[in-house]
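The following block contains the structure, expressed as structure tokens.
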Amino acid sequence: MPQPSDIKDPALAALGKERIAWAGREMPVLKLISERFQKEKPLRGIRIAACLHVTSETANLAHTLKAGGAALVLCGSNPLSTQDDVAAALAADGISTHAIKGEDDGTYYKHIMSALDIKPQLTVDDGADLVTTLHTKRTELLPDIIGGTEETTTGVIRLRAMAADGKLKYPLIAVNDAKTKYLFDNRYGTGQSTLDGITRATNILWAGKKVVVAGYGWCGHGVALRARGMGAYVIVAEVEPVRALEAVMDGFAVMPMKEAAKIGDVFITVTGDKHVVSAADFAVMKNGAILANSGHFNVEIDIPALEEMAASKRTVKPFVDEYTLGDGRKVYLLGEGRLINLAAAEGHPAAVMDMSFANQALGLEYLAKNRGRLAAGVYSMPSEIDDNVALLKLRSLGVFIDTLTPEQHKYLSTWQEGT
Amino acid sequence: MPQPSDIKDPALAALGKERIAWAGREMPVLKLISERFQKEKPLRGIRIAACLHVTSETANLAHTLKAGGAALVLCGSNPLSTQDDVAAALAADGISTHAIKGEDDGTYYKHIMSALDIKPQLTVDDGADLVTTLHTKRTELLPDIIGGTEETTTGVIRLRAMAADGKLKYPLIAVNDAKTKYLFDNRYGTGQSTLDGITRATNILWAGKKVVVAGYGWCGHGVALRARGMGAYVIVAEVEPVRALEAVMDGFAVMPMKEAAKIGDVFITVTGDKHVVSAADFAVMKNGAILANSGHFNVEIDIPALEEMAASKRTVKPFVDEYTLGDGRKVYLLGEGRLINLAAAEGHPAAVMDMSFANQALGLEYLAKNRGRLAAGVYSMPSEIDDNVALLKLRSLGVFIDTLTPEQHKYLSTWQEGT
Amino acid sequence: MPQPSDIKDPALAALGKERIAWAGREMPVLKLISERFQKEKPLRGIRIAACLHVTSETANLAHTLKAGGAALVLCGSNPLSTQDDVAAALAADGISTHAIKGEDDGTYYKHIMSALDIKPQLTVDDGADLVTTLHTKRTELLPDIIGGTEETTTGVIRLRAMAADGKLKYPLIAVNDAKTKYLFDNRYGTGQSTLDGITRATNILWAGKKVVVAGYGWCGHGVALRARGMGAYVIVAEVEPVRALEAVMDGFAVMPMKEAAKIGDVFITVTGDKHVVSAADFAVMKNGAILANSGHFNVEIDIPALEEMAASKRTVKPFVDEYTLGDGRKVYLLGEGRLINLAAAEGHPAAVMDMSFANQALGLEYLAKNRGRLAAGVYSMPSEIDDNVALLKLRSLGVFIDTLTPEQHKYLSTWQEGT
Amino acid sequence: MPQPSDIKDPALAALGKERIAWAGREMPVLKLISERFQKEKPLRGIRIAACLHVTSETANLAHTLKAGGAALVLCGSNPLSTQDDVAAALAADGISTHAIKGEDDGTYYKHIMSALDIKPQLTVDDGADLVTTLHTKRTELLPDIIGGTEETTTGVIRLRAMAADGKLKYPLIAVNDAKTKYLFDNRYGTGQSTLDGITRATNILWAGKKVVVAGYGWCGHGVALRARGMGAYVIVAEVEPVRALEAVMDGFAVMPMKEAAKIGDVFITVTGDKHVVSAADFAVMKNGAILANSGHFNVEIDIPALEEMAASKRTVKPFVDEYTLGDGRKVYLLGEGRLINLAAAEGHPAAVMDMSFANQALGLEYLAKNRGRLAAGVYSMPSEIDDNVALLKLRSLGVFIDTLTPEQHKYLSTWQEGT
């Protein structure tokens, strides 16, 4: 039943295996889960369609699900994020994989369709492209679905919009809303890897650079923190008053994008919304400004507007496109405006994906166990799973913590004891 | 009906007025609300019993409530936190005030009873001592109550415990859970003022000090951040795995208290629980260790155990008690284990109380407007109030932010647009 | 020969003794030196005139010099910095002390003259007022002088100017130039205590405040670092290109004072130069701006210009003078523009003065030992003394470090070993 | 006279040219100098042998020297640091280049000899391999030498050792000692690029990692600062007490390497000395420890000892060698212990090399102008050059700063004005 894989080059498998093993070193929590899954087979015989960035970390998740007894097809969740050697290694290991780095949008959706051909009972998604395809083009598959998981902020926003429209037809766990996901993956993962992607693409010195961060959610917190940690002068643009105020009190400059546009050296978007940097902004940018996106979709920078404004365009080095505007100013768009950490670097470090994917594996186990008991809708991660992931991670780091004494437990549940 | 005030010294009123005016400079949001209240009188004729730290910031809230038309009695929410000059100024301005710095526990509760003598319709609390007194000793007053507000983490924990016991008899708004409260007051307010209190009491150099922070909630985040910001080496002790892991990834040392006890120079508790630093810890501390609490109640450090272990005790300077243990080691307890920022410094800076108290004023207005419509229970702050407070604060700081375009609004509510 | 003391109130002696003992807790290096001096008496019979901030830390130095056998007279080095209780305690202990907090300039210089009446053989200075008085008004004392020490950047600048003019008549050790002095005292000491002074005077929230730091020398580094550490948005004004560039690359905003003047909430001067904030700046400041100086002399803010521009002036709370300008804007000058850490707080923490004063004590011992061997001029601290102070401090903190192996020693002195 | 180039592959020239142009974007100061050199030809007809890391930034320096009229031969200063595409581009542009990434030590020294074949009048060195070769194997060339420059801490240490031995035969300017070099290149350049190299080699998450930094000089400051900025827990090992104390007061853990060895996840050496991490340390490291060097030579980690202790060794991914010790623990050596920022990343960012190489160019101009006037020895950069480089850099960043007023100038040179 699994389709044959559609990958770039099977010869890359050996390299991919090494990189998968290397990532595995930093994924001790997932490894523990994998060992248990191997014994308990909680996903025995279940068909899974997974739409994820095909990276060395994802490969470790795929092996874990397979260890749990699942039949799995994997497709990419972004046309630029596939690591072709990893895809080759997965295919060689018998995990049907459909993803090629740099594939066009047509191929991208063809691969999603191939993944759906497995007639999934569980779905794993990152950005909700697979789930929306399933709900619009492959509705015949819906009756078989037990449930699914969603990895990202963007995807959860889409799923909630679907649920609000009454269009969501099965239960989905918002893995993104697990504390052990968003507090770490979105903040430390996106923070580090976004800067890493920009550094690899440009080799700029961060110290003293004026870095404009659009969005001060958890991803934006991480990007701003790491940019400051590298010596940058950070400017935050936001639409939500509470977050903007938090940025002010964290010592950042806060201003509307149209003001920031005039002074920024580097612009990074992490909002989950579209056209956050737009024509009016390009019009006033300094010569040499660098534009990068680390939000899920490549809509945050208004690339069509930039294309229209540009007198000419050329690729000056890998992942760096130079747009020369009518007045001679040049701006540099990185990675075609796609997730820069996956386009120009290796995505989130394995250590942080360890927790995100531990949540994925345990979320899927939870769905399988609760088959038929959950109505259609968006669900939070059960907090016991969340705490358990954190505890396993601490153990793997050799960190021990306190536990409440009975006296302390009681105190917390008592209201009589006052001043 | 308002009782005559019980304060330390009426002659301090002039000094108190100056300090209230000085605090008012940094409370522009509350000032705007006060000006509106003056016109609209949303609290006209309503009787309020408020149990709060009697500080220059609280005085600005009291004036705001009075401007709104309320009749108000104020008592202290901690025996050590009253600013006697402020109390005198309030009394002189006709706001019945019952609070004396350093009062004993008997007087403390007598003052709460005096506040309740107003037969309140609204209650304002900070730690829930007034609410619990009302529910246990003055139940005859319950029928008149419209609702109340609670300022602190500790108080909200107590109220939720009461609600879980089915003992809570009227609606209470958890002001603490407003983002414009806990993200700012608990973090930046407690962070700065806790260090300030310890500095004023001891004049220690923070750079290079080993500072043990017990609790990595919002207050703990703030204390750890500011201690690091002053050059300290910070150790975090926690019981919750997710928070402990967050502390690890923030670069702090994380370990059980019994390990931290051996190496810390300064210990700061902000957990909301009791006996976080206890006999086993005192037994292994370094000579010269300093102990301070910034949690609501003075139970976080096990002072009775310390008293018992000590061969002798003396006050070496204001707010610094030296305990000499049997083996000759000395440990220093600051401010008798009470909130060190209020005991030895001036509490939270006015700029942060501006938001907390704006929430208080608007929460009370909300309760008055919704009189009779809310069942007994603990309520969150309505998010519009929260956003509004943030927006007013940003304006007062001269910060302008972006707003969503219609296109962006639409994008956020749409799930069809994918890769 | 020591003059009778001239202090504010002998009754404060008991309080002063306690504070001196408390400071002594944090001065383990000076204590070790004191114990050795007690045995070896390296300053036996030598007369010392010391012009220093009369604080609890200075008292520990005074006792150390006395333990070493010296006869000592102490006067204040700033009219506002004397701690009257410490002065009383020193007087009670038989150390002739001439200093009263808030003394006028006439009394200030009278006290310097009293100190010189001891006919000093060694001088200890902080700002070079005693040395310049000696060289201009008491030249008859010069023949007896063995040498002297100078504590501050400002004083060393003045001494070098004297030497360049051929006016300096005896050897002076620039204690300020010891690494264990300026790297710690100027940076961590001034950084922490400057913010502390401003906090005590104003109780402002630092988070989100726009803090303008004039001067990015070691003191400026410290102030900027700590202001950022408290959440402020820091702007640096400088005249030296290398330092300004360092500030840029440290992520700070850098601009001329006349631009900073328009946006700053708090201004802090640490330049060693005069009129760094001047009439043109006051003219454009925001209403409510706060001005503080932490440089040695009260000339960094052009107070005469401010007085002239002000329509009115009043003291709104201790250490806070409100100047109302012609157009109604108010600016607040703290501590009359004198060293704010000494005026409104307790000066540098003892832990950092421990090293500065260890250098003082060892510098004086060095001068006594090398009597007659040093020509007039400004000398650096011998680096062995510097390293020794650092090593003693590390030991007192329980920190152990590596030492070079013979192989490593040899490698460093060899040029033959290459790629 | 220039030898034909010895490079890897001439076909890489086009790629190299693009990268050189890209680096040039961030080197505005060098560009200004290049434009002036083009007009003034201060190096007309002078032969230069330059031993430098052959990177895109170095290529910009080479073009500047050529613009100044010099005849130039370039060889690599480290066997692993050459960017082969840049070497090809230089060769294609007629600059004789002798460097191949991964060359063995024999080829490395053969290339140095080839560079010396130009019979240089000026030398440019990075680590002093060319200068020591010249002084030992090619002494016949010494009479023609006008002078030279040295880029690194390591090289300056070697030159000073030569001078102390009386072996240095011509004047050398320690470019490393220019403030606009070491304060920026060593700190921000090495700091950022060292982490970058390790990230590219390993893709580890820095947040929460225990990072041991050996050496707290300027490079160590930078590495520690950036590691903390990425969320790591930083441990510093040092031999100099003052630096160790500075690390303590900067809030880092400080301990001997043998203690750090037990707990570190990542070890980074930046000491300039040999065998800083040695057999006794490997013996106690955690399984999975990562070892990287960013000091000039590959001697800081005792690789021969590691080779001897290892039961087996294999390359697990590019730049990552896995050593399996007798007891099964694995440690990972990155980039064969050579400068990790050049081995696995692109070396220092162009923005910082801009200043270092501006100093190089101006230092060489200074030597040419002062031909015959300087005795053999190691010279500091003239401070006017240093200030000028800083000022040009600030201008290029659009930053303007204050200048002293005549009154302020006078104040600084006057000692009469006191309290």
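Letters A, B, C and D mark the chains as written, and numbering starts fresh at 1 in each.
Methods note: contacts are C-beta pairs under 8 Å (C-beta built on N, C-alpha and C of every residue); 3 or more make two chains touch, one makes a residue touch a chain.
Listed by chain with UniProt protein names: A, B, C, D = Adenosylhomocysteinase.
None of these values were measured; they are calculated from a predicted model.
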- Note on the structure: By C-beta contact count, A-C versus C-D, the higher one is C-D
- Query: Does the subunit A (Adenosylhomocysteinase) and subunit D (Adenosylhomocysteinase) pair touch with the same residues on each side or with different residues, judged by whether over half of the numbers are shared?
  - Reply: same
- Taking each chain's centre as the mean of its CA atoms, how far is subunit C (Adenosylhomocysteinase) from subunit D (Adenosylhomocysteinase) in angstrom? 38
- Round to the nearest whole Å and give the separation of the Cα centres of subunit A (Adenosylhomocysteinase) and subunit C (Adenosylhomocysteinase). 53
- Query: Hey, what residues on subunit A (Adenosylhomocysteinase) touch two or more of the other chains?
  - Reply: 184, 188, 207-208, 228, 231, 248-249, 397
- Residue ranges of subunit B (Adenosylhomocysteinase) in contact with subunit C (Adenosylhomocysteinase) within the complex: 18-19, 21-23, 25-26, 184, 188-189, 192, 196, 199-200, 202-208, 226, 228-231, 288, 316-317, 320, 345-346, 348-352, 397
- Over in the complex, which subunit B (Adenosylhomocysteinase) residues touch subunit D (Adenosylhomocysteinase)? Could you list them? 207-208, 228, 231-234, 248-253
- Per the touch rule above, subunit A (Adenosylhomocysteinase) residues touching subunit B (Adenosylhomocysteinase) in the complex are 77-79, 105, 108-109, 127-129, 132, 136, 157-159, 161-162, 164-165, 167, 179-180, 183-184, 188, 237-242, 244-246, 248-249, 254-257, 272-276, 297, 299, 386-387, 390-391, 393-394, 397, 399-405, 407-408, 411-419
